[in-house]
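Look at the two complexes coming up: subunit A is in both, with subunit B in one and subunit C in the other.
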Partner chain A sequence: MSQVLNRLGKKTAKYIAVGRITLKQQLAYRMDFLMRSMFMLLILYVFMQLWTAAYSAQGGGLQATMGGFSLKDIIWYLVLTEAFSLAFPRLCTQIEEEVKNGGVAVRLLTPISYNGYQYFVYMGEGLLRFLILLACGSAIGLLFVGPPEFGGGWAAFAALGLGNFTLAFLLNLCVALCAFWVEETRGLEFVLQKLQFTAGGMLIPLDLMPHWLQQICVWLPFQAVLYFPAKAAVSGGAGLGGYLLLQLLWIVLLGGLAAWIYARGVRRLNVNGG
Partner chain B sequence: MNVLETKGLAKTFRIKRKEAGLGASIRSLWAPQWIDKQAVGGIDLTVAEGETVAFLGPNGAGKSTTIKMLTGILHPDSGEANVLGYVPWRDRKRLAYRIGTVFGQKSQLWYHLPPIDTFELMSRIYELDRTEFRQRRDSLIERFELAPYLSTPVRRLSLGERMRCEIACSFLHRPALLFLDEPTIGLDAIIKERIRELIAELNREEGTTVFLTSHDAGDIERLCRRAVVIHHGGIMVDGPVERLKRDILRYKTVTIRTPDAAGPELTFDSTGKEHPAALLSLPFGTQRLPSEPALLKLSVDLTVTEVGVVLAELMSRLIILDVTIEDPPMEEVIKTLYERNQEIPVFEEGTPP
Partner chain C sequence: MAVEKRARRSSLLRGTLPFLLTCWKLNLAGAMEFRLSFLLTAGMMFLNNTIWILFWSIFFSRFPSVAGWELSDIMMLWAISAGGYGWASMLFGNFNRIAYLVAQGELDVYLTQPKPLLLNVLASRMSLMAIGDFLFGLAMYVYIGEHTLGGLLRFLLALFLSGLFFLFFTLAAGSLAFFIGNAEGLAYQLFNSYVMFTTYPSDIFKGFAKTLLFTVFPAGFISFMPIGLLRSWDTGFMVTTAAALLLLVSVALLLFYGGLRRYSSGNRMVMRS
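Coming up: the complex of A and B.
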């Protein structure tokens, strides 16, 4: 029993070490943090103007609600979705680069699961960035629309936050692993990103979309990445159980798909370079 | 005990064929043409524990492809392999605990971090015992003289410093079998020598089996006792490096520069033309190689003379500005060997009378 625990401990330590070294390496990219933060400020400012105009055009003025969202709700919703989507690392670019320059060999030659390694790199990179962007976005939110009234929403947000990083990772991994077959995955990555923006509810909450579109989005995994945690937060944690269950379901499904793609891909992978 | 055994290992790649020009590129979008290119065609190889094997061949001979199959990152089309009791491509991860790899052109060190951080990561990935790891790390740091670079980000290290760190990193988990792919490429002579010494030392002291590919004859002479030459995906020569040296590494190239602008040719032949007499006056056991006009390039056959003797003779006859002595490039050596091997069957079969 203690031997099993010991082995398990060593396996865990392996992946934690990957996450830790990624965090360390991240600190070398200060410029990247700064650029992302600046970009986030810009986006938030633009959308704040847009939504303010949209709400003032409504009958009730700034106190009006749309699809259950007040202006304050929608701004905080945006802060959260933007912080997430700007924090997600560019997995496709990284894996494609590794396949092109043969660096993938270095990963495959060490006793660690390739997907597991990529996951912890993704988390190490993404979570730190998310915290910084969240702090940055919150400052704007506080300044323009006042403190959020999430209440129980914070807990729901935290619960869905880890899962949504995992799901974003898996979605990207499925696309990125195509680099084992084709030279170029940028096109697919582009499509995936844009689906995230729209069907994922990054710019506009799904509730404000036409009914027929909502009906489609319900069947897609994208809503579980950005929409679920942000919506659960602003609505004070309502619907958390269903969100968690659905998110988990997608994680299992896409995790299986990614494992299957990997197993097929690694067999035919031709590692480049001498 | 054998650490490595292969039987009929073969790999063929399908390559998309594309003709030049935009039209051809567009056509290949919907009607791609494929050609099969055999990279490795049936390699039988056995390596015993503690051996030092040089794996040689010109570019494109299939060296890297073979190493990739032996380390399990490439699946062969046919054939068998057993490395330390594992089928590499099936038990890649389990095999990884027992082997070490150094690629001269790929880095395992984290670019923005000091090497010591990668060492720490590797200790976790290979699940090393903490105390043992620290002892091992410190002894490698001492032997490889890495102390001054340990806390410098890798991007600031010179290539030589980085390579020493790379090799030390591959030794942390005490691999039973070490694959080195061009470990000294791009390094200067002193660092090359130092790296060879370190690898030789670890082979001697820990019995690590070394499997090396290199274009540098020095790496092979200094490190390996056995040489396997492959060409066109098959084994051409397999024997002791000593014999290889006698057969093919027996030439040195001596290049001499003289102050005479017209070149040293005049010194040998007053007519200034290519003349058989000029060749006769070359030192014994040498052959003139084509070169720029101001240079005299000689191939010295070490089985009949010595570089020193040749130089002494030349010095008494010429004013010498500069001398370089080098090994002929591996490509050339193998080409000669290959051509010789090609000739033999022709002789044996004979042409119809």
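Coming up: the complex of A and C.
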């Protein structure tokens, strides 16, 4: 038993080391952080103008509530979804490049699972970015609409945060692994990204969507990536249990799908030289 | 003087135009080599824009009018923005790679060729994704645009102007690489921000932000076109737009050719890309 645990510990340490190295690498790219943060501030600024204009046109003006969201709730919701969305690394580009230039062969030779390696790189890169973007977004939120009133929502947000990164990784991995079949995955990645923007509730909370669309979105995994943590935060943690359960279910399903795609794709791979 | 003018016109007709046409023909032939990839990339871009329209449809189902804009205006805004960017990237696809080409020293190969430098650089690449954008612009017009001769002409003019704004703003941003070295990140972010601001109604911005959009960051000229040109012809807006475009073209050319004097490279041997 202790031997098994020892082996498991060593295996885990490998992957944690991958995450740690990626984190250190990321710290070197200060300019990239600055650019992303600037872009996020711009997006949030545009959305604030858009939503302010939309709420102003309503009967109750800026104090109006739509689908349970006040203007302040919407702005903080967008701060969270934008921070997540801009923090997610470009997994498709990385894997596509590796497949095209043959670098994938080196990865396959190392005694580490390919998908596991990509996961820890993804997490190392994404989590640090997220914290920085969240700080930036919070600054603009505080400045324009004042402090959030999340209460217990913070805990719900933290609980769903790790799962949403995992789910975003799996969705992107499923698309990225198509690089074993097609030369360009950028188009597919674009579509995935836009599905997260819309069906995932990044740009507009699902509660404000027409009823028929809400019914469709309920059956898709995208809501568990951005909508769940942001909605749980602004609603003070309501519905956390259900959100966690659904998130876990999608992680299991998509994890299985990614493993299946990888197993089929890697058999097709031909790399010349090395 | 007259002889010189005639010679220049003849060089344009006999040299530059056929050269451009050959470039575009070869670019298209190159894209067709990977037909599946081409169809996927262009198709996905079309789909990507359609998803944005879906977002706006959802938004306008809750808020029927935002700052006087309706869903049809937003659709036409996307038609102009995507379509304008589309034709500019199809015909002059290197315009958003200037910073990269300068930073990597890849201008060398163009400098050695006996063709107008900027035109040669710009026309030597065609963006596959942009074909999807262009087709999307046309499809939007067919779907929701004004189907009269006047409406068609105004739409074509809007497309033309929008493409020029994209081209020369991005050229100016990319030319910063001549002055500050590795400006790829900065040029990319400026381009992204420009694209973003051209796809939101200009009337949601007020005060200083609005001033910026009609001066140093001229995305407002594109994003006001659904109101100032497509809904009805607004002479004041069109004159200002023409003047702003002229100024932008001058600034972009000044930055490019002024920066070119400072250009140096490590004599890299590269293929045109």
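What we mean here is this: the second predicted complex is superposed on the first by the 271 of 274 C-alpha atoms of A that agree within 3 Å, B and C clash if a C-alpha of one lies under 4 Å from a C-alpha of the other, contacts with A are read in each partner's own complex, and residues count from 1 in each chain.
Operating definition for what follows: contacts are C-beta pairs under 8 Å (C-beta built on N, C-alpha and C of every residue); 3 or more make two chains touch, one makes a residue touch a chain.
Just so you know, these numbers come straight off a predicted model, no measurement behind them.
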Touching partner for A:V46 - first (subunit B), second (subunit C), both, neither: second
Touching partner for A:L8 - first (subunit B), second (subunit C), both, neither: neither
Which of subunit B and subunit C A:F190 touches, first, second, both or neither: second
Which of subunit B and subunit C A:A263 touches, first, second, both or neither: neither
Subunit B versus subunit C as contact partner of A:Q58, first or second or both or neither: second
Partner chain(s) touched by A:V218 [first = subunit B, second = subunit C, both, neither]: neither
First (subunit B), second (subunit C), both or neither touched by A:M66: second
First (subunit B), second (subunit C), both or neither touched by A:A135: neither
Touch list for subunit A against partner subunit B, complex: 10-11, 13-14, 16-18, 21, 24-25, 28-29, 101-103, 105-106, 108-113, 267-271, 273-274
Interfacial residue positions of subunit A with respect to subunit C in the complex: 31-32, 35, 38-39, 42-43, 45-46, 49-50, 52-54, 57-58, 66-67, 182-184, 186-188, 190-191, 194-195, 197-198, 203-204, 208-210, 213
Subunit C residues touching subunit A - in the complex, by the definition given at the top: 34, 36-37, 40-41, 43-45, 47-48, 51-52, 54-55, 58-59, 61-63, 65-67, 129, 185-186, 188-189, 192-193, 196-197, 200-201, 203-206, 209
Residue ranges of subunit B touching subunit A (in the complex, touch as defined): 13, 59, 63-64, 68, 71-75, 92-94, 96-97, 99, 101, 103, 105-108, 110-113, 117-118, 120-122, 124-127, 153, 181-182
